[in-house]
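Just so it is clear, A, B, C and D label the chains in written order, and each chain counts residues from 1 on its own.
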Amino acid sequence: MRFELGCRMQFSSNFDVPVILMLRPRSGYRQWIIQETYDLQPFAPVTEYTDGYGNLCQRLIVPAGEFQLQVTAQAETLLELELDKTASFIPIEFLPDAILQFLLPSRYCESDKVYDLASEIVANLEPGYAQAEAIRRWIHNNIQYEYGTSNASTSALNVIQSRQGVCRDFAHLGIALCRSLNIPARMVVGYLHGLKPMDQHAWFEAYIGHRWCTFDATQTEHSEERIVIAYGRDAADVALVTQFGPLQLNEMQVWIDAL
Amino acid sequence: MRFELGCRMQFSSNFDVPVILMLRPRSGYRQWIIQETYDLQPFAPVTEYTDGYGNLCQRLIVPAGEFQLQVTAQAETLLELELDKTASFIPIEFLPDAILQFLLPSRYCESDKVYDLASEIVANLEPGYAQAEAIRRWIHNNIQYEYGTSNASTSALNVIQSRQGVCRDFAHLGIALCRSLNIPARMVVGYLHGLKPMDQHAWFEAYIGHRWCTFDATQTEHSEERIVIAYGRDAADVALVTQFGPLQLNEMQVWIDAL
Amino acid sequence: MRFELGCRMQFSSNFDVPVILMLRPRSGYRQWIIQETYDLQPFAPVTEYTDGYGNLCQRLIVPAGEFQLQVTAQAETLLELELDKTASFIPIEFLPDAILQFLLPSRYCESDKVYDLASEIVANLEPGYAQAEAIRRWIHNNIQYEYGTSNASTSALNVIQSRQGVCRDFAHLGIALCRSLNIPARMVVGYLHGLKPMDQHAWFEAYIGHRWCTFDATQTEHSEERIVIAYGRDAADVALVTQFGPLQLNEMQVWIDAL
Amino acid sequence: MRFELGCRMQFSSNFDVPVILMLRPRSGYRQWIIQETYDLQPFAPVTEYTDGYGNLCQRLIVPAGEFQLQVTAQAETLLELELDKTASFIPIEFLPDAILQFLLPSRYCESDKVYDLASEIVANLEPGYAQAEAIRRWIHNNIQYEYGTSNASTSALNVIQSRQGVCRDFAHLGIALCRSLNIPARMVVGYLHGLKPMDQHAWFEAYIGHRWCTFDATQTEHSEERIVIAYGRDAADVALVTQFGPLQLNEMQVWIDAL
């Protein structure tokens, strides 16, 4: 399946502000980037590196004044993954070394504190897919999706208390609950086709049946019509824009269309 | 300078429990391991891998029953580092790519929430060493070292409220405050010669003047008489023992002696 | 400086043939990819990974029949590097760990066998830039550029004997000679603006004065008007197409224009 | 199975000579280091890093004069691997990304030039274990083990011509032949229990049936009584001592005993 997608951001600042951007989707296992553009107006010297999770990160100094960036891509999703509802829990001792880090608590996912809730949600279920799906559904049914109820410091624990949040909060809670049950889980940011209103999106993946499976607690139906930008432990690792100074985002547009 | 050091732990459990250990100090830039032993009683199959921070991690299943492990080493510290009190702040744009991750908030270091306190502490100081040292001293003077006042879930924010903690809490707070000022900071666990009472220890390093500098808010005087076991973003990355099940630590001894 | 560049290849085969491609230039320290396309006709499932040198590698199975691929990019070179003709030799003990591998002999660069020739070429020169430049000039003056005189198995030693070769042979010889003098050297493949006749190109870099410096023994004048596709120890690491079966390359076009 | 092993080297030199050592066996999938010593006489500042293959490498400057180093270890081999003589060839498209590099030709393994010989050796055999074992046996039967017939520059092609060599030459030939058949193969150096005369040893591994399998063309019988020091593409990657200057090795002793 082929998509056209993009993101445009307009900034202004009184100062030169160093930033790290994570806006370039990369070709990987599930997607192939056929075409892309990454435009900076005005042009500013920029370099790129790969972080510890394999994401492509762009470093630059956003110059004082008005600044606009636009990233577009045409991408093919490679896998028409069927849901494997029988995918099973992988015992710790059989997890690949590189997966182990996704069992640990992280800034927004206090997995060390949510075991009781997780146990309740998955009571009597088979370890594995059924547990992660129960977690996803519980969040979908019990947390209210509401803009403006959370901010960049909101963590899974906060969400459990407030019962409100946006896509990144839903993902953090899903990750924390999975990890508390020794299911490795990670944050994903990217584009979801059909999302309303359209925006950059976040969801989570759980490592079950020896592969990463997609879970999106904001949606009623399962959909693989997604293009990934970045993976990480939680939102701290995958911020689209990490800014080190006062930079004003004036406008942002996001789009994804099927071809 | 040469040290003999070691650590012995006795566990018991009713179940086989998978664990990840981080107990083998490795030879690196500042230290050389001349001799070491890593003994498991009873012996259990164990493998080792290097994590994303370069730490040597041991994976095994601790068998049900009594289990003892002992790690000893003879190590030479290679650098008699003088304090460079003039080491300066490195602007974001000149930080090496691999250092950038140590600017981000992490599980126990909510650097996104402590900027006001950090600003107050470093008011009027030159960016760089003087700031990190002021943070260290402020913690030393304002947080009370007290066993039992914190636990595995205590974060820097909690410590700011309670004004109490142990070495890992002191380190987390130092890290969070440094990062809020855009000074990269990381957690270190290891052995400190002369520590009283003797135990495994934790401190932090700040990246200043293009090298990692040692800061230990639990101590009055600066000392480089340390052997490092592991580095990470915070305690989540460098737990000596990460256990995935009910494992009882019955006894632990730690020692380090100068030769 | 901004360039438009691209490469088109037409293959035919009686079999499905697995290939590894290295055709996607990536944004890095010296160049920024503003726009790119990577088109496969017919489309075939393809994944991408980063190799040990940081290159983006594409894996796919080229289907039996006719197959065409075209990669285009618009790229900005970020540095107008001045030649630093005084850049000095870095003693082994001060080389970064990751650079050391570029001192070792490799498939096409038998640095263990060319020390005598290298010594002769650089006699009486200061270690560093002057040596690498003398090597470059010696190759330019003593090896004849001639299509069809070498093949995929030709190594630096072969070139010393035949005194003939193409760009990859010139690069291999430069690398072997530099390494024999303990100057780290690596292979680069990419686009050179103004190359006649236009084609994919290869040259080498030597690590001097704590940075990688460009040397191109096929050219009379130094030019930084280049876009890099990949780095490696020698041609074995950076083949544009590594094919595991009988795949016929029928046609190839390469272009690079200044904007 | 538990072993005690070690290596002692005595050097002399008129100069300070930088070296890279690869002498510390590390705990990994197949072996666990219970105890080790790494002694330098006189002591010289030394650091350690992990290379791209996961090997622990030691860097130091051997001081002018007499210098001795001794590395000892007590190690447990973890796997009593049965030979899986049915392990099958893994098609290129199913090889993990990180394995692909072991298909490429390297300094001492000109796999691009030995396909004809390899085809002859494995004629009519099933792809996979049977092929690699036939290659091992062919080398054992057709190449004469003879000290002094090869040197640090001898490659697989040279061995095919001379029909003579030592363990590293046998390994290089095995690797080249396997790779020419699209079987990933790598060099291993370490200790072999029962080797006569005792010395540091080299052999190869082929990636078959989704794991690395041991092949040793110098031995008549298969044995897993081995402790690995390092892995690499060929001898260029895994030299026990890489020296950058005139350093005289006066004496070397190697031992390994079963406990």
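The definition used in the following text is that a contact is a pair of C-beta atoms (placed from the backbone, for glycine too) under 8 Å apart; a residue touches a chain by one contact, two chains touch by 3 or more.
In this text, all values refer to a predicted model and were calculated from it rather than measured experimentally.
J.: Which chain has its C-alpha centre farthest away from the C-alpha centre of chain D?
T.: Greatest centre separation from chain D goes to chain A.
J.: Distance from the CA centroid of chain A to that of chain D, rounded to the nearest Å?
T.: Each chain reduced to its C-alpha mean, chain A and chain D end up 43 Å apart.
J.: I'd like the Å distance between the centres of chain A and chain B, where a centre is the mean of that chain's Cα atoms.
T.: Roughly 29 Å separates the two chain centres.
J.: Roughly how many whole angstrom separate the Cα centroids of chain A and chain C?
T.: The separation of the two C-alpha centroids amounts to 37 Å.
J.: Please list all residues of chain B that touch 2 or more other chains.
T.: 49
J.: So how do the chains connect up here, line, ring, star, complete, or something else (other)?
T.: Ring.
J.: Applying that definition of touch, give me each pair of chains that meets it.
T.: Pairs of chains that touch one another: A-B, A-C, B-D, C-D.
J.: Under the stated contact criterion, what part of chain C meets chain A in this complex?
T.: 24, 26-29, 32-39, 43, 45-50, 54, 56, 58, 76, 78
J.: Which chain C residues qualify as touching chain D in the complex?
T.: Counting only chain C, the residues touching chain D are 18, 20, 49, 51-52, 57, 59, 61, 91-93, 97, 100-101, 103-107, 109-110, 112-113, 152-153, 182, 236-237, 242, 244.
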